[in-house]
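Next up: some structures, all given as structure tokens.
Same chain, two partners: subunit A is paired with subunit B first, then with subunit C.
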Partner chain A sequence: MLMAAVILAANPVTGAPRPQDREPLSPAEVDQLTAEVAAQLRCPVCRNQAVLESSSGLARQMQTVIREKIAAGETPEQVKAYFVSRYGGWILLKPEPRGINLLVYLLPAAAVLFGGAVLFRQMRRWTGSVGSEEPAPEPPDEALSEEEEAWLRRQIGSAR
Partner chain B sequence: MTLSTLGYASVIAALLGAVVMAVAGLVGGYRDRPALRDAARRASYFCFFAMSSAMLIMEIALLSHDFSVDYVARVGSRETPAYYTAISLWSSLDGSILFWGWILSGYAAFVAFVRRRGADRLTPFVTATLGIVGIFFFGLLVGPANPFGLVVPAPANGPGPNPLLQNHALMGLHPPLLYLGFVGLSVPFAFAIGALLSGNLEAGWLRDARRWMIAAWAFLSLGIVGGAWWSYEVLGWGGYWAWDPVENASFLPWLTATAFLHSAMVQERRGMLKTWNLSLIICTFLLTLLGTFLTRSGVLDSVHAFTEGVIGPLFLGFIAFVTFTSLLLIVWRSDRLHAKGTLDGVVSRESAFILNNLVFVALTFTVLLGTGFPLIVEAMRSERISVGPPYFNMVATPLALALLFLMGVGPALPWRRMSAERLRRTFWMPTAVGAGVSLVTVALGVRQVYPIITFGLAGFVLATILEEFRKGVSARRRISGGSPVRALLDLFARNGRRYGGYVVHTGIVAIAVALAISGTWKTEREVTLRKGEQVKIAEYTVQFEDVWGREESQRFVVGVTLKTWRGDRYLGEQQPRMNFYQSSQQPIASPAVVTSLTKDLYLTLMAFDSEEREHATIRVIVNPAVAWLWIGGLIVGIGALIAIWPHGRSTYRPELALSLTADLIASPDAEAGPGTDTGATEEEQEQVATRGLEG
Partner chain C sequence: MKGATRWLIPLLPVPVLALLAFGLTRSAQVLPSALIGEMAPEFTLQTMEGDSLALSELHGQVIVLNFWASWCIPCREEHPVLARATREYSEGDVRVLGVLYQDDPASAERFMMRYGGDWTTVLDPGSRTAIDFGVYGVPESFFLDTEGKIAHKQIGPLTWSLLRSTVDSLLAASAPGVGS
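Presenting the complex of A and B:
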């Protein structure tokens, strides 16, 4: 806690140069962006709380820093990058999507795709074995068979 | 005899009882010996008796401040009020395991008692499995997590329980519910293992397991919602769900249990998914163990904390044992696990359930991955990262919406298959309602994508549910007449599982809508006010009156008095506080919440002027629709109760069966499925289904 406070104190807000081409933000916009950034940063002295939600002294100070930086015209990305440079990637509640962290984003998608593929095959096997006694209610709608597709291509080709 | 000795003796007795349950159950079941089966049953009663006495002794020790008992010396204190002393049983690891063990022994005795008459081969194996689980937990109590250790000399006073656990009366509510849910999941697990051991893998065990699963699931659901409520009312951060590992640990088995409750129906109806259902039950049980391991071993703070305790490795060992044994049993019985039925049509209720399972499992995987990922990275890269709410919300929301969609589709689809014509007829109304709701939302100026989708889906789901009730009620009135209300009650009584399930769905819809609203339109501001100064936020006005301090027996309380209005209506004085405990450096906030059906005014004291008492910093949050989370939770509980409410086993009624069979003949493509909306009990439906298919 003390360490963290010292780090913060030793790096006073320098007021990054504001890009010239941007309008100054309205107070409401500053509030909103501050809350957005504060929700993405971890309170370093709490157990699993975002800066936005924590009432600890350090989190309040961090929120003040965020507000000042946003008001000075920094983008949320710049503000987050500032805190990452101070505390490391650990400070972000949503890990940066690079390196090994990509796994935490890609694996769920891969799991859905893989599960879906397995299920699709299994469904085809299940529905496929019915045929003998009862007629299948309706032909599968979407996909064309290979022959059909080849035939279609030939037709299109010859029409040109 | 000291309480310490008596308590320890009780736990040892329970351990011996569990050994008898396991051995007598296994041998009695395997060799088919009635005497041994009886012995296993009596051992489970004995276990419950022994654990009850251990619990009672611990409560006596806590309430009489007997600090010679190790656990009391660690969590008790003379200043803590009696209520919090009584519930400090679950404020620390070994007390929680004692409580866990007691509930486990209670479930085991209850199962053995209700099944005492039947001479089936399943029961002794169920008792044996619960005995083996009992050996693990009671063994922990006898060994590394012994709460009854003797402290010599006894200290004069103790530190008191964790401040968070004595901050609010709600702490007495959700932990017992969660434990009842968590431990209750061992019962379906025991049925699964029992069925594998006995070799009888027909649907009988599944029906019983599912019933127990609903009970445990209901407790777990109420526990999760109760935990969210506690978090909201006590922690003062204005939210209710933080994707904290402890919360995720309770959520993971809930997900797989919910998946099972649906896929079990596919097996009951169609004889499919046998191995899958066994795996879901076993995974659910493993996730309760894993959750306990993750949250109790300290491993989540750092991988390196793991090796410091004994409990962690023991849990991991037991998890490995359960996984290995279960896999072995499934492989051993694989010849009896072949699917009997097949899928007749892709558009059918069984497909909807199977898709539901895909999404539930994907969600489970994602939450598990997110919770454990910091550990994986730390172990591989010795670099620390965090995975928190922004990640979970991003990944879980689309999956949750997919589930909401399936919730509307599934109940309206018939078993087996459905023609395109009927599909149109069934779904045009709910689809129109859903699309209408979405359009109205957009017309009202909402531009956020997720709320628009959520409201539309909610309309869609509610429309299908209402349509199902309408069909059910009119079918019942056709058969037995009477008023609509009478017909509705009849529906609940005769097919509670199905219509109770719809009530549960209604509760889930309420929760989904509440989540979408409160997650999107929360307004908050942090203000520093001088005496007499006001702040307006949304339609609320808050005026700062005073700062005060008060000494209580176990803590020092600083609070502010605020006058509050909603519009012109005076809401009274609110007093958000900070509680200072000796054992904690950080004060524990205690927010003031003014709840209404539409919006909550949520006030937290962030800082105060301790010198002059002139000003204070307050966070004012206006949280819309949060009350519907709790209402939704209650509806879920009621629905589950309807679903497991025991109804007298119906006698076979030929005239009803005749009319159902007539329906069946009238629709020869069987697309409606036997008895789809006649409101017949399941037994009747099944009797008819069998006949209909044979004929």
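Presenting the complex of A and C:
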């Protein structure tokens, strides 16, 4: 189990291929790496389902092919490259961040940044003048006219 | 700036809608094969009659490699097209070769008895050859030039006009004195 963990840790998606002449993998390690690869490949006869999750005949046969290649000493990267060479980049559930595929990764981030900026500007407008470059108009400080003062006194007087 | 934003915000969904509209014009059926222009993956498989056949034995002819199954309805539709190809082209020029996909030989034999045709079909246990060719459904057909390179892939049933124009162009390209 510890070995498997070490191998998985040493073999991330971008990891360098392991040497071919290392010790043969244990059955548990083969299982683990097979599942790892099968989870990243699209089942060709399904709708957006991984080879690992599909019970279709072709997906199960693909799992057999993956298992044999892993057991023969190929790295997960090599096995995935084999399927890409046959089915094209479409077979990878997660597109490689390359070329036009980069848009898939960059557009959402750009949209969030843009939306955030718009929202920030708008919220500052809503929360009023605090710290904004347009100060609110000063309250008028003119004294009341005599007429107004007389009216005000009358109102206060009648309320009592 | 204020005037510009007033117009810009309602226009924001336009590129998204344009992208989605473009998506509607594209068929999921016509995923390009990663193998066009490559040598066809080699295989040696058993025919339905029990003989062993290697793909490389057929080099020198234009090959129509047809993945099919007896349970596949569109395969019935395209069957007469393949039958016509075996009649209209001589065997030294063009070879139709079936590869049975996820099917049992007995059903395939009944299918051939019922719909006619005497071209060879090889069995593909475990779909290894289908996976090697990047097949994801039937029918799928690969057109191989005389050197064994994959020139074209058809997903879905073949039509006579498509088969003829593809085969004729491959025959013309391989004719002595042309293109050399």
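Here is the rule we go by: the second predicted complex is superposed on the first by the 105 of 160 C-alpha atoms of A that agree within 3 Å, B and C clash if a C-alpha of one lies under 4 Å from a C-alpha of the other, contacts with A are read in each partner's own complex, and residues count from 1 in each chain.
Methods note: a residue touches a chain if its C-beta (ideal position, glycine included) is under 8 Å from a C-beta of that chain, and two chains touch if they have at least 3 such contacts.
Predicted, not measured: the structure shown is a model, and the values here were computed from it.
Asks: Which partner does A:Ala35 reach: the first (subunit B), the second (subunit C), both, or neither?
Replies: Only subunit B is touched by A:Ala35; subunit C is not.
Asks: Based on the superposed arrangement, let me know which partner A:Pro27 touches: subunit B (first), subunit C (second), both, or neither?
Replies: A:Pro27 contacts neither subunit B nor subunit C.
Asks: Quick one: classify A:Arg86 as touching subunit B (first), subunit C (second), both or neither.
Replies: After superposition on chain A, A:Arg86 lies in contact with subunit C alone.
Asks: May I ask you to decide whether A:Pro95 touches subunit B, subunit C, both, or neither, giving the answer as first, second, both or neither?
Replies: So A:Pro95 only meets subunit B here.
Asks: Name the chain, either subunit B or subunit C, that contacts more residues of subunit A.
Replies: Of subunit B and subunit C, the partner in contact with more residues of subunit A is B.
Asks: On the A-aligned overlay, A:Glu53 touches which partner chain: subunit B = first, subunit C = second, or both, or neither?
Replies: first
Asks: Just checking: does A:Met123 make contact with subunit B only, subunit C only, both, or neither of them? Give me first, second, both or neither.
Replies: First partner only, subunit B.
Asks: Mind sorting out which residues of subunit A both subunit B and subunit C touch, each in its own complex?
Replies: Common to the two interfaces on subunit A: residues 88, 90.
Asks: For the complex, which residues does subunit B have touching subunit A?
Replies: Those residues of subunit B that touch subunit A are 236-239, 242, 244-245, 272, 339, 342-346, 351, 354-355, 358-359, 361-362, 365-366, 369-370, 373, 377, 380-381, 383-391, 394-395, 399, 417-420, 524-525, 586, 589, 604, 606-607, 619, 669, 671.
Asks: For the complex, give me every residue of subunit A touching subunit C.
Replies: Residue list for subunit A touching subunit C: 44-45, 57-58, 61-62, 64-65, 84-88, 90.
Asks: Would you tell me which residues of subunit C are touching subunit A in their complex?
Replies: The contact residues of subunit C facing subunit A are 31-35, 41, 102, 126-128, 130-137.
Asks: Would you pull the subunit A residues touching subunit B in the complex into a rising list?
Replies: 31, 35, 39-40, 42, 47-50, 53-56, 60, 88-95, 100-101, 103-105, 107-108, 111-112, 115-116, 119, 123, 126-127, 129-130, 134, 136-138, 140
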